[in-house]
Amino acid sequence: MKRAIKTEEAAEMIPDGAVLLIGGFMGVGSPHRMIDAIVARGTKELTIVANDTALPGHGIGKLISCGAVSRVIASHIGLNPETQDKMMSAEIEVELVPQGTLVERIRAGGMGLGGVLTATGLGTPVEEGKQIVETGGKRYLLETPIRGDFALVAAQRADYVGNLEYSLTAHNFNPIMALAADTVIAEPQSVVPIGVIAPDAVKTPGVLVDHLLERAA
Amino acid sequence: MKRAIKTEEAAEMIPDGAVLLIGGFMGVGSPHRMIDAIVARGTKELTIVANDTALPGHGIGKLISCGAVSRVIASHIGLNPETQDKMMSAEIEVELVPQGTLVERIRAGGMGLGGVLTATGLGTPVEEGKQIVETGGKRYLLETPIRGDFALVAAQRADYVGNLEYSLTAHNFNPIMALAADTVIAEPQSVVPIGVIAPDAVKTPGVLVDHLLERAA
Amino acid sequence: MDAKEIIARRVALEIQPDTLVNLGIGLPSMVANYLPSDVQVFFQAENGVIGLGARPPEGMEDPNLTDAGGSFVTAVPGAASIDSAMSFGLIRGGHLDMTVLGGLQVDERGYLANWMVPGKMVPGMGGAMDLVAGARHVVVAMVHTAKGKPKIVPECSLPLTALRRVSLIVTEMAVIEPTGDGLVLREHGPGVTVDEIEAATEAKLITIGDVPEMALA
Amino acid sequence: MDAKEIIARRVALEIQPDTLVNLGIGLPSMVANYLPSDVQVFFQAENGVIGLGARPPEGMEDPNLTDAGGSFVTAVPGAASIDSAMSFGLIRGGHLDMTVLGGLQVDERGYLANWMVPGKMVPGMGGAMDLVAGARHVVVAMVHTAKGKPKIVPECSLPLTALRRVSLIVTEMAVIEPTGDGLVLREHGPGVTVDEIEAATEAKLITIGDVPEMALA
């Protein structure tokens, strides 16, 4: 059984320079309370692995705006001109990864696989510097696994085991990121007693979750 | 929207020599009605991809007993002495695959990946004849994708879109197999009107399901 | 009728009943407006719901239900929530029947460039590379020229999106099918002559017999 | 107390609170019976429920809720259903804290052979290779000798299960820890002398100071 902790308590666990996997797609399904707490604390030199950096002043965009981030691995930054500006001025190093490759690289990191063999990116700038593997008469890029020091995942509902449920398009990267970090911090909208979430409704088993935030205010 | 069809109608689609992915773990979560219909029809020379061959006279074991099968790809046949005998007498060709590798090979087949890079099987007979890929300073086996002509999956509940829910340990290989065949036949315990299964409860989206059997009698 | 409406109406005719279709943001998303009411289709957005519906009435939005552009949407009856791994598994695994995307350039090989302009626009590829590499049919929906400059060219000067010949190019001037022999001009736009199309196209176009005018939904 | 009970009671002491543990079928599954009541553990079976509970009362079995041996079980409050991909992702991804497996041979390198006897027994490896390659701690629970023949040998003559040094060997005669220097004899069984252990062991055993008697749960 887990104690639900305060957001500030969780944010204090994250040191400067940490690699964070952060769920969400343009802010939908992002752990907004954790992001606010990291901004408030002033953590620096973070590496953010996420689908995107949302918009300026929204979701992950807040971490970009406040200068907490030195490196981004994402599939899309086009809707956040601040990320693009900081990339151009070399304040933030950006690695752009095709979205499907990004999620599989994180899954590989979480599931103990050596990498991902995909045709996505062949013949494009994504191919540069990467190992090519031939199998079954076809060529594939070998994309390497990604893991985080922390995964910050947003969930609709949790129980005190840490079992998580997600809602609609707020699933996105969260269930996969919960597999792939040394420490997984879950930010649920609500927390219910053990037994309330039926086994078949669980999308992330509680054994993957290290820390559970209190329910949303 | 899909029409729910009779089991016999579905069994008639499966020609001699077909490659079948069949869900289940020792018969739990296997499509028992489909298996009975294939046995009754007398289909021959089937390749079965499944976790195991259950017990003689039970689940996939019925297909073994009646001589419908010429090839098996499975992780375990130890509880079915008939499969072992037919392997020894070369009536059935058996490829044994570690269970985690088997499920990932099927997933790779279903998700368009070039293969699976895994440490499982290194230094064992599983390694024989396989490509080794070095990445990140480690050695991995390259295990090739598996696809079926048909996937026969058992579900707890379906709607008429073909969305599927599974129950407890009857999930096992079913959700992954539903990704990896040219034709997917789902055998649900019950079928409910469209809209009854909430989007968040769907484990296999109906777009993956080609044919839906009538509810269990 | 403006150029975008012509394109959207023509692309709408390409959509087959009972298929899974991904519409890119911007112009491609307009296609849904012109779908014949008797054609049942599941729309997927890569951020994770199969069965996207129209924009909800004001005040009935769900913050957890948006399209890939971040706009509020609804879910049709029979919709299914999926995470990013399943979303891109469907895309790369060949389960997505059609994707409609915008384009910056398409060339005589049928290769598409639509994600970056070096030194200018580096938004990231998002899901575009996976979509083009993996979808069964890739339809490029774009205006024929950009500020008078041809976008259909002998060879893309911009970085490619994938090493894959797209299925069809639909502009307000023409419907063009890339083939092994080159770009075949299939239809001309309303009131547009073949000479005008050729003048606005840098790539060589193949015409076979009479070129009919495009029908519009 | 018979040999198996000694082994099961000793292994039970290895299990840490709040961990995820996989017990193999047969002797290893007995370990659950001797767990101190204040130690909360989630048991996982590779066929797919986290939080396996005891056998249900007669007449209250669920055909969709069994362990990896096919026996009926229950689910504890807070249990989670998972499919085979997630199950083995947990195993290979290092999320499984401990697995307890039977053994045919263990050698001085700490390598385990437990899945086949060439020419005799070819049941398939099931999940054993993934478990040994992937679990954080691998405990081999086996009787010390087979029909008087030592099972702890200089080098396995049977095919290996994985190229991985197991964490601990527990028999009715001894607790042995494989290390980089070789097999260290940590404890002796009730009423067994070090000489007797060495006589029943073909491999070289390292003893450091006095060897204490094993405690039993």
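Labels A, B, C and D are assigned to the chains in the order they are written; within every chain, residues are numbered from 1.
As a convention for this text, a residue touches a chain if its C-beta (ideal position, glycine included) is under 8 Å from a C-beta of that chain, and two chains touch if they have at least 3 such contacts.
No experiment lies behind these values; they were computed from the predicted model shown.
By the document's definition of touch, common neighbours of subunit A and subunit C comprise B.
We define each chain's centre as the mean of its Cα atoms; on that basis subunit A and subunit D are separated by 35 Å. Per-chain CA centroids place subunit B at a distance of 29 Å from subunit D. A straight line joining the Cα centres of subunit A and subunit B is 32 Å long.
Counting partner chains per residue, subunit D has residues 49, 75, 81-82, 88-89, 92, 134 touching two or more of them. Shown for subunit A are the residues in touch with two or more other chains, namely 104, 107, 112-113, 118-119, 166-168, 199-200. Contacts between chains, counted with the stated touch criterion, involve the pairs A-B, A-C, A-D, B-C, B-D. By the touch criterion stated above, subunit D contacts subunit A in their complex at residues 20, 40, 42, 44, 49-51, 75, 77-82, 86, 88-90, 92-95, 134. Subunit B makes touch with subunit D in their complex at residues 25-29, 51-52, 74-79, 84, 87, 96, 98-101, 103-104, 107, 118-126, 156, 166-176, 203. Looking at the complex, you find that subunit A touches subunit D at residues 1, 107, 110-113, 159-161, 163, 179-180, 194-195, 199-200, 202, 205-208. On the side of subunit C, the complex with subunit A involves touching residues 45-49, 62-66, 68-70, 75, 81-85, 87-89, 91-92, 111, 116, 121-130, 133-134, 159-163.
Of all residues in subunit A, only 104, 108, 112-119, 131, 133, 135-136, 138, 140, 142, 144-145, 165-168, 199-201 touch subunit B in the complex they form.
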